[in-house]
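Note that subunit A is present in both complexes that follow, paired respectively with subunit B and with subunit C.
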Partner chain A sequence: MSQKVTVRKFDAVIVGAGGAGLRAAIQLSEAGLKTAVLTKVFPTRSHTVAAQGGVAASLGNSEEDHWHWHMYDTVKGSDWLGDQDAIEFMCRKANECVIELEHYGMPFDRLDNGRIYQRPFGGHMSNFGEKPVRRSCAAADRTGHAMLHAMYQRNVKANTQFFVEWMALDLIRDAEGEVLGVTAMEMETGDIYAFHAKATIFATGGAGRIYYSSTNAFINTGDGVGMAARAGIPLEDMEFWQFHPTGVAGAGVLITEGVRGEGGILRNSAGERFMERYAPNAKDLASRDVVSRAMVTEINEGRGCGPNKDFVLLDITHLPPETIMKRLPGIHEIAVQFAGVDALKEPIPVVPTCHYQMGGIPTNYHGQVVVPGKRSQNEIVPGFYAAGECACASVHGANRLGTNSLLDLLVFGKSAGETAVENLKKEPKPHKELPADAFDRTLARLDRLNTQKDGANVHETQLAMRRTMQKHAGVFRFNDLLKEGVQKILEVQQDVQRTEIKDKSKVFNTARIEALELDNLIEVAVATMVSAEARKESRGAHVRDDAPDTPEMPNGRDDTNWLKHTLWYKEGNRLDYKSVTLRPMTVETIALKKRAY
Partner chain B sequence: MTTRTLQFKIYRYDPDQDQKPYMQDVAVEVDSTDRKLLDALVKLKAVDDSIAFRRSCREGVCGSDALNINGRNGLACLTDLSSFPDGKPIVLRPLPGLPVIRDLIVDMTQFFKQYHSIKPYLINNDPPPERERLQSPEDREELNGLYECILCACCSTSCPSFWWNPDKFVGPAGLLAAYRFIADTRDQATNERLDNLEDPYRLFRCHTIMNCVDVCPKGLNPTKAIGKIKDMMVKRAI
Partner chain C sequence: MTKEPQRIRTEKLRWHSRRALLENDLVLQRFWQTQPEVLEERLAERLERLLAMEDHDLWELLSGRQRSADPEVQQLVELLRQPAVQ
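Take a look at the complex of A and B:
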């Protein structure tokens, strides 16, 4: 059985309508280009909506600040794996992008003088790492919600054409490697289309659902990353996953770092503010990887709380109730709903929870996808752009700072949009012809799924994947577990290739959608495990038992051998590496040193 | 681990297979880690993959999983399983008043059409300044209780006026959004916005039944916002 494929032509197609996709769409729509935005969910349901604490910009509204300090913090936060040109670009663009957002109508909180309210956040310091600085621009603890709605609203104004509840299935790439659009399924009818475009922008978000315990939404299944991998694009630095220190124990729901920015304190079973031992200067506002490891160490050494001693406590009971209700109203609500505690009176049980994918589709800071080629390690893939969590620019390197994700999606969503507009206007040309095999991969996947007999159950297979990732590639990593993890995840991959659905209906078939999502998740999971097993050092969020802190190798980081980006190729399950860009755009390189907070 | 069996009556309809909708009796076993209705639905789907419903964030901010639960609209991810008494089946239906696509999934076109009709974006025709437009903390506070809407449609689909005239009455969600922009000191289109609502149906079909306030999972009060718009209409007329 082969399905009919209807072809539609656009100048540009954007896949994903979260922060990055909506920001890119504003650029393209306002430039008058014929643009289609495909999204699995109504735009304001995208996971940007769940971001809480704020967006970083050195506006200096409350105290002196400078983009160069922000850049320093970001490079240090990345454990020097971030590309310094992209980091300089992002930090310099931050103010402009946040101000634009305010002009779109974003309801930021305000200071008495009418300017945007800013709060401290982990790892953001003044004067090159001296002391915490107020850099996070916030709308209470609903910054992502306010931002996503403001950008959707701006797109309504710009008449952007949305295809809501359409799931992109595969990238269309011709023999010369040029990207010519995507295949997609209209979820309501099950019909298959091809979006033939001169520019294809991926803004599909992360894949935090590869882990058992995750702050991520159900929809965060790494669709763009999976599509890119199947089309031969390598994935960069996939071993680096951020575990957010404060997910609600058991439920996984996020509690913003803004809680600690407003004065919240982490305590162990003895009531001790244990972060003072791990990060004497920044304490509870150290970088996320540092705080998460400290928490797991406390739990592993028997100082966890609760009957099973398996969580620590986030305490805000010493803060004035007015501050909590004004600055953290959503957290108060979440604590009641998902932890069953009134945070005004009792501390909140929290554990490190998978939160953010630092790696992704390799791009430059113009949002163009780049791959190693004959001439350079960063050759542009014509017609292909990526921004936001699905992309790796790379500004987060081995560990992202809080509030830099919302900044990333603004800056690189805009930049990908701008570059696409520039390229489309610079040399107007007709659509390049689609190759004869343009739909083959998609149709083969759908046929296989429709005809599979005695296959693997989708729900059980994804559970096996998530449990494997959680056990073998968690906050701390162990050589033996990683080696075993590679074997196990490849076994799960075998099952993913033979998943079976009982429901064969064409109409809004969510069973089919979940099976297709699992095809994407497994690419991310395999890339993560294989890349992690291979990196024989500790850096940022990737800390392994056989690379401990020694005088010769501080924090276990091995700059001689491992100051390089990983590239994982699906074909042959193969690894390659490329160098880190240490030279910024205009300023001097931020020199390597041991990371401490 | 303690387990509990929950009985459901679920509205089922797949136009690809079924002549007409029907209510299906199903049971699912949940344990103490399953806190919310959405957890139970995910378990149900693991057993029968044909049950269709929307869901995403599972923490009450994305607005995907609005359902009619025992006759009352709410979000599956914020509804405690412990709130259901033992022995009585939990009745799940799609949101009332909108066409059903399949099972618990409704076609929200009309709902969003009304939202879009109020021009849900900031209108300010002054050239944008180099820095942020200033707004006092007090003026910003006027937006609290308005901007937090998640567009789940619990309110509009519990409103009898919206059931009768979904094409003419903006409905509580759209009107809450209208007032969100009227109340914003940075917006310059108050008169235009009021003109847009000056009509026997668009605003004035609200008869303060207050179902919207009763069901809003975010604790917002569309009726209050509608009242403020009505006041402004009156003040403008005299």
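Take a look at the complex of A and C:
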């Protein structure tokens, strides 16, 4: 039997209260628009909290810097898959957004002269790749946390209405394709609501939980991406995921590169220091991608450790205990807590671990969601906006630079908010009527879940998905494994469609929430696998072993055939492609060349 | 207190164990795997106090770098800190 749906009207509804959602909400609320923010967890418990490195902006407080240099670094980092208009926009807006944040009360670290302190960060260079530059603005190692607090306070002042512990379920679109809000569940009661809005902004973060080994918190289930896919919006460049070489196997918690810097050694099941074969000079200190690839090759060739031979070992037992306890104190505790080993005596099981989603819901640099249509490849979906990790503007292209993620959520959170305000004020009009079938998809999903008999276990199905993704579409990719992976993930998808929960209660039913989250994760997982299988080149974070490194195809990158964005559609599980925007807003195109550091 | 409110309180705490940092998620997940369906009242009350903390501060306690000034919360932290493999 169908549940009752209560309709609430707002000018704007924002889904997600991490950095992008909070930044967008400031824009809307301060413009006097009635704005609702739905969030599964309290805003300052969003995963933005985990961002430590800082936010990139060419303020030039410590040495000369320029947004054009930042733009060059970002295009190069993206392996030329980023849209150069969006990248120019982001790099030019960076200073303004960081200074605004300072005015909101963000406690940035400071220089003696009172200006914001800036530190160097990987990939950020001066003068078009010449030498490292200090560009990252941070608040100790709690930049994301401080940012969320500053923006949350600003929202409280601006009267943003927060709906905390509410889970958005589906996008509401009418027959013309216009987005009119979302359906959502209040966790405390299990009641279903519709948030009827003139502007709907998704800021739901990434879906790193599709992988078995992930640094992402449990809340990162790609809810916005899944909802968009179900509503017919294609997903862009989902094959591109950033991995870190050393996460604790089975847990995902990061082991910093500093461990190898202090003398940590990677070993296979035979105890061999295998990096000597892959990088005779740098050995264990080779770059992230080289180390990750070597680890996966060892595992794939049967030299992994443990009962399933699915991890390698990071050995620091040869280091003096005082060095470990003094220089790497956190590592000892992480190994004890998450690997169950005393790193002074035993090596730590590690695997390459998923960290960041480069692809997502396709948008332009105004934060508007765009899809291919009859007139262009980027037609605006009326009423729909997205920003942050769930969106693909696309500024990170095939690979993101550190500290550009916090910048992305500030710039595009603000931009989405600004565009929505402009559109709502330009043409003031009443709410468009909800279509008769507005709640059908949501109610059908809930009914199915409540009445499923002899179904699949949610945790087992989720685990099958995560293992399939890790094995078949991990950091280093193989044609046969990808092909097999497509079949396997489609089988898992069948199980997701018949998940069953034993507990049917309504109040804070975590089992129901997890089943609904899995509906979102599987869309991301299928999109990733299918998109990755189809892209027959290596570019940025998508690295295939069968893409040869030749002068025409540097590092296996095939610009003749693959300099294009992938678009995956849920309907028919089909792929389409669109061209990369190589023309920036005002400057010359940053011409293609081999990405080398 | 009847059983139903305590069950709901437990469910709420289960959800509040979803955190911003993976480290905290994992420690709390391990804790829940050892607990009955409905938490005993005194434990629930301590967990509420612990989960009200910010995530970085929580991890400072769970990783043993800091100790809570509240002896009851610290006792709960010790329970949570019992490693995955003894």
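One rule holds for everything that comes next: the second predicted complex is superposed on the first by the 491 of 597 C-alpha atoms of A that agree within 3 Å, B and C clash if a C-alpha of one lies under 4 Å from a C-alpha of the other, contacts with A are read in each partner's own complex, and residues count from 1 in each chain.
The definition used in the following text is that a residue touches a chain if its C-beta (ideal position, glycine included) is under 8 Å from a C-beta of that chain, and two chains touch if they have at least 3 such contacts.
For clarity, every value in this text was computed on a predicted model and none was experimentally measured.
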item: Partner chain(s) touched by A:562 [first = subunit B, second = subunit C, both, neither]; value: neither
item: Touched partner set for A:218, first subunit B, second subunit C, both or neither; value: both
item: Partner chain(s) touched by A:278 [first = subunit B, second = subunit C, both, neither]; value: neither
item: Which superposed partner A:44 touches (first subunit B, second subunit C, both, neither); value: both
item: Contacts of A:509 with subunit B and subunit C, given as first, second, both or neither; value: both
item: Subunit B versus subunit C as contact partner of A:336, first or second or both or neither; value: second
item: Which of subunit B and subunit C A:154 touches, first, second, both or neither; value: first
item: When both partners are placed on the shared chain, which of subunit B and subunit C touches more of subunit A; value: B
item: Partner chain in contact with A:251 - subunit B first, subunit C second, else both or neither; value: both
item: Subunit C-contacting residues of subunit A that also contact subunit B; value: 41, 44-47, 49-50, 142, 145, 188, 217-219, 251, 253, 330, 333-334, 337-338, 505, 507-510
item: Subunit C-facing residues of subunit A, complex; value: 40-41, 44-50, 142, 145, 165, 187-188, 214-219, 251-253, 329-330, 333-334, 336-341, 505, 507-510, 513
item: Complex interface listing, subunit B residues touching subunit A; value: 14-17, 33, 35, 45-46, 48-50, 52-64, 78, 101-103, 105, 108, 112, 116, 119-122, 124, 128, 130-137, 139-140, 143, 147-148, 150-151, 181, 184, 186-187
item: Contacting residues of subunit A [partner subunit B, same complex]; value: 41-42, 44-47, 49-50, 99, 102-105, 107-116, 139, 142, 145-146, 149-150, 153-154, 156-157, 188, 217-219, 250-251, 253-254, 330, 333-334, 337-338, 458-460, 501-503, 505-511, 514
item: Parts of subunit C lying in touch with subunit A, wherever the complex brings them together; value: 8, 11-12, 14-15, 18-23, 25-27, 29, 54-56, 62-65, 81, 83-85
